[in-house]
Amino acid sequence: MLFGIEWNTANDWVFAWSILPILLRGLVVTIEATLLGFVVGAALGLVLAALKSVRIRLISWPARVFTEFLRDTPLLVQLFFLYYVLPEYGLVLPAFLTGALALGVQYSAYMSEVYRAGLESITRGQTEAARALDISPLRTFTVIILPQAIPRIVPALGNYLVSIMKDVPVLSVVSILEMLNVARIIGDRSFNYMVPLTLVGALYLILTLIASAGVRILDERLPKRGIPLH
Amino acid sequence: MDWLSYLNPLMEGAWVTIRLALYSTLLGAVFSFLFGIGRLSRSLPCRWTSIALIEVFRGTSLLVQLFWLFFALPVLGQALGMDLRLPPVVAGTLALSLNIGAYGAEVVRGAIQAVPRSQHEAAKALDFTPRQTMWRIAIPQAIPEMMPSFCNLAVQNLKDTALVSLIGLGDLAFQAERVRNFTQDSVGVYTLLLLMYFGMALVLAGLMRLLETHVGRWRARGV
Amino acid sequence: ADLDAIRDRGTLRVAVANEIPYGYMDLKGEAKGVGPDVAKHIAKALGIGKIEWTTTAFGSLIPGLQADRYDMVAAEMAILPQRCKQVLYSEPNSSYGEGLLVAKGNPKNLHGYESFANSGGKIAIMAGADQLEILQALKVPADRIVTIANNADAISTVTTGRADGYAATSLTVGELAAKSKGKTEVASDFKDPVVDGQAVRSWGGFAFSKDSGALRDAVNKELAKFKKTDDWKKIMSGYGFSAEDASQSFERSTAQLCAG
Amino acid sequence: MDQVVKRFGDATVLDHLDFQVAKGEKVTIIGPSGSGKSTVLRILMTLETIDEGLIHVAGKPLWHEYRDGRPVPASESHLRAMRKEMGMVFQQFNLFPHMTVRRNVTESPVHVLGLSKAEADRRAHEYLDLVGMIDHADKFPSQLSGGQQQRVAIARALAMRPNIMLFDEPTSALDPELVGEVLTVIRRLSEEHDLTMLLVTHEMEFARQISDRVCFFDKGVVVEQAPPEIMFTEPREDRTREFLKTFIDTRQGG
Amino acid sequence: MDQVVKRFGDATVLDHLDFQVAKGEKVTIIGPSGSGKSTVLRILMTLETIDEGLIHVAGKPLWHEYRDGRPVPASESHLRAMRKEMGMVFQQFNLFPHMTVRRNVTESPVHVLGLSKAEADRRAHEYLDLVGMIDHADKFPSQLSGGQQQRVAIARALAMRPNIMLFDEPTSALDPELVGEVLTVIRRLSEEHDLTMLLVTHEMEFARQISDRVCFFDKGVVVEQAPPEIMFTEPREDRTREFLKTFIDTRQGG
């Protein structure tokens, strides 16, 4: 029994059917963690990208090393670090927030590169033309640069959304009841790992196929008339 | 601080991690070529098997795959009357390398397809068989093209080895958990752990870059 | 696993779950705890020269046994009816009661598991441990149960308030409280949880896979001999088991426990 | 421009350059590649800073302001005011690819000059008509040929009603058959409007027709300047003669 | 080639083409761009399929085999056997960039013809010497000039000992100063070896010197063919005359 739902171990099919509602509870947590992690990553990534592009070495260089550091260390260890070390300095976040933060931190490194590449692909000529027309720097960024960068950035970010989703099971180690953890608990108690784990795999496959299709549709819907993408 | 006392078990774990990363990267490269070339194959069963494997391993979470291989596969084996109880090292290596293989397959495929048509024509004019053209002309030219992506995959894989600690393999992350269990010194252990992974990743990336220049030396210009 | 095959090999493969003081690896990689210490004596008595130790998560102990990754679990795993369906147990090696780890000063004034059935507080347990059954029997709702991966995480879970208490055996709780350097403590005046009209007490033993009857019988024979010695008592008290815990371990047989 | 010095790292690109253009004058700058022609225009457009010297545009210092009678580096608001005097046309057009032709032309009048949408549209109509692109107002730049894009770029610059127009090789990124249409527009501009024009080009014949004066640049200094009739027929300096000679040789031969 | 038709989609590129080359003959094909010159060579090399018609090489049908006296489409093994007759030199050289010069030349003799490594090396030495590239045998193609690469490509084709050599504009991707060295090699080849040669080129002077016959192609048919002395001085057809005229005009002018 989990979440007040009993399971039935009569045979594998019945068992699978009876634990599906429980796994779907875990699925909701998985999706929540994915979305929150994505938002955190997208925001932190933007900050990192901005810091890296600052022309003062004393700022851009540490930002660059930090990004590399985040990219090169395992999510699992970063998660443990945030979960067990931050509290020692008085910063206690609920497990779920810690997990989403860890996902966000890890992916901010990747996403900052996406922003950088997206912005750099826009030629210097665009900024200069804007300047020659006396368009303010803020408006240059928001009206000239961003609309051209977004169609390049969004699909790449979308792909990371799918990756984040696949990394959520790592959060099970800090007691977050996402799908895999739920499946393991069922396995631990029913001594049948095959059914719940296979179900989780199948659910993941469906989930990523849907998410990838969603990203593709979003990509097609983006306003990018006239923007040369290559 | 008694950081020094951590070093021994951590080093032991690091050695496991290094070997695991090495094996799974090598095996992963093999899978990459197998799936990647399989996808380009003219035989339908070959192509569809490759596509299915690629989609399954890209579409599900590595940790799920790891647990499945470790916990679920033996049960399936029992049902089939086979002994599929993989030791942790094997399950870990297999999950990691199948993952690299699925991602690497796309890299391999893209690089092979990027070999200009004129090279295939030149080979045909010299009467190479299609297979010889693939193995002697297309693939060797595609390899340098693949290297940057493989470098990223290798680093990603190194990080992913940390997950095998969750099926009880005594790698770096596992040993760190053990030490922390004992000392309750989260700050020290995890800081050390992050730095060790970072260091290993830097070394790995450096080695991959050396390899990249080596396999791509024919591209170098200048007399 | 087959006893003869193990004798031929000369190596007994034993798993523990990193739980002080039941079974764990110290920093040097040496197995310690009640389970391992007793297992070492038994192996010697059985004429098996070498023990190969494995550490795994508590929840993986039984699956590992079923997958033949080791011959025996020496984690003082509680002998419970539903587990008896999965594995073979030796006769009890130890007995222990329940305990509760709480933050320093016990700010929420907790003295038993029952509190969590009524209050809004959260209680942590280790994944795969039998406290889940106890809590479910006490009608503690699932959203108040926090599952952690291993004992070592309990201190930080409790001190940071991610859970208000950690439910484990009294020995584990005592050990954790000592290690936390004053940040946590054992809940005082602990009321043993009562399930089906009986105070909960656990009996721990060695576990084997279903096809290891011969090994189990051999271990039982040596265990019975060893439990009569002072060495056994010394091991028990050395790891903090009370005389009560030791004498209670003779009170039940595995057959009784498995029957429920 | 007085004694202007511009350096990129170690390289001195403009070397104590002195150079004047009168109001309404049409000046063409010629010179070998790397001689600093673009740099002069870019400095005027405040796309590059200067290292030494003084520049005045329409009587006011460009890179400096006077505070208490002493020149201090110009503030951004001063630069913005000065940029209003000038419009620039780039070699690579630099249209905004995600905006229609019309929005390319109205964007700045609306958001910088504060014109109403309707007023800006009227202005866009006027200048797109002038460059013969009024029929393409709703297309995106990627749907236009290079010559058409450049004509839109000219209209975009004009829509700010600058007093000075800067052209940096406006035709050299174009296929030969498209050069004519852009030059025709520029010629019309020079004839019908009272603009000050500063033009970098390699189209010598065109330069001869429209300029009041031709300047020959080399290594960051003005080597020679003269009305086109004199410049192209009897240049004073050896370097000029040599440049014109090789230039005409390779071009006419091709 | 009898009545050969080749289409790409809707476009008919070769239109019932008839065309013969005798053993040992040296034939040059000229014609405007897109007239199907390359296509003819590529069909002979079996790089393109044909839609209609028959082709015989060395007396045997190229794209067909006879089974029970009736022509059926050729099998891959038949095509492979036929390809052994021919060697081809491409406009873009198409050397294998990841192999040294020597391996470029030995690869196919070893793995296709089954020669021993030593034997293939000896052969490579022979032909690299012929094209004057023996000193560069251990370099990679990227370390060579275009002319040198083309000479290696010729050696590579020769190392298969073909009876027929096909050259598709072997010099048009080369800088003018490198054309000579390649033509010299081809000329030597035509003089010293008893090869049948089919050459597409725009080097009229060269064509005149080495060919036994010149063919003028246009729109997928042979418009005119004649020995070079006649072809270049008194062509029969108007189209030929026109082509040669514009050709010589633009070329000699450049």
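Labels A, B, C, D and E are assigned to the chains in the order they are written; within every chain, residues are numbered from 1.
By definition in this document, contacts are C-beta pairs under 8 Å (C-beta built on N, C-alpha and C of every residue); 3 or more make two chains touch, one makes a residue touch a chain.
These figures come from a predicted structure and were not determined experimentally.
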{"item": "Co-neighbours of chain D and chain C - touch as defined", "value": "A"}
{"item": "Angle (degrees, nearest 5) of the CA superposition of chain D onto chain E", "value": "170"}
{"item": "Maximum inter-chain contact count - chain pair", "value": "A-B"}
{"item": "Approximate Å spacing (C-alpha centroids) for the pair chain A, chain B", "value": "22"}
{"item": "Rounded Å distance, chain C centre to chain E centre (Cα mean)", "value": "83"}
{"item": "Centroid distance [mean C-alpha coordinates] between chain E and chain D, Å", "value": "52"}
{"item": "Chain centre separation in whole Å, for chain C relative to chain B (CA means)", "value": "38"}
{"item": "Junction residues of chain E, two or more chains touched", "value": "none"}
{"item": "Interface hub residues of chain B, defined as touching at least two other chains", "value": "71, 166, 180, 186"}
{"item": "Overlap residues in chain C, where contacts from two or more other chains coincide", "value": "63, 66, 156"}
{"item": "Partner chain C, residues of chain A touching it in the complex", "value": "1-4, 83-84, 87, 92, 94-95, 173-175, 177, 181, 184-185, 187-189, 191, 193"}
{"item": "Chain E-facing residues of chain B, complex", "value": "118-119, 121-129, 132, 136-137, 140-141, 144, 217-223"}
{"item": "Parts of chain B lying in touch with chain C, wherever the complex brings them together", "value": "5, 8-9, 12, 71, 74, 85, 87-88, 166-168, 170, 177-184, 186"}
{"item": "In the complex, chain B residues that touch chain A", "value": "55-56, 58-65, 67-68, 71-72, 75-76, 155, 159-163, 165-166, 173, 176, 180, 186-187, 190-191, 193-194, 197-198, 201-202, 205"}
{"item": "Residues of chain E defined as touching chain B within the complex", "value": "42, 45-47, 80, 83-84, 86-88, 90, 92, 94-99, 107-108, 111-112, 139-144, 156-157, 160"}
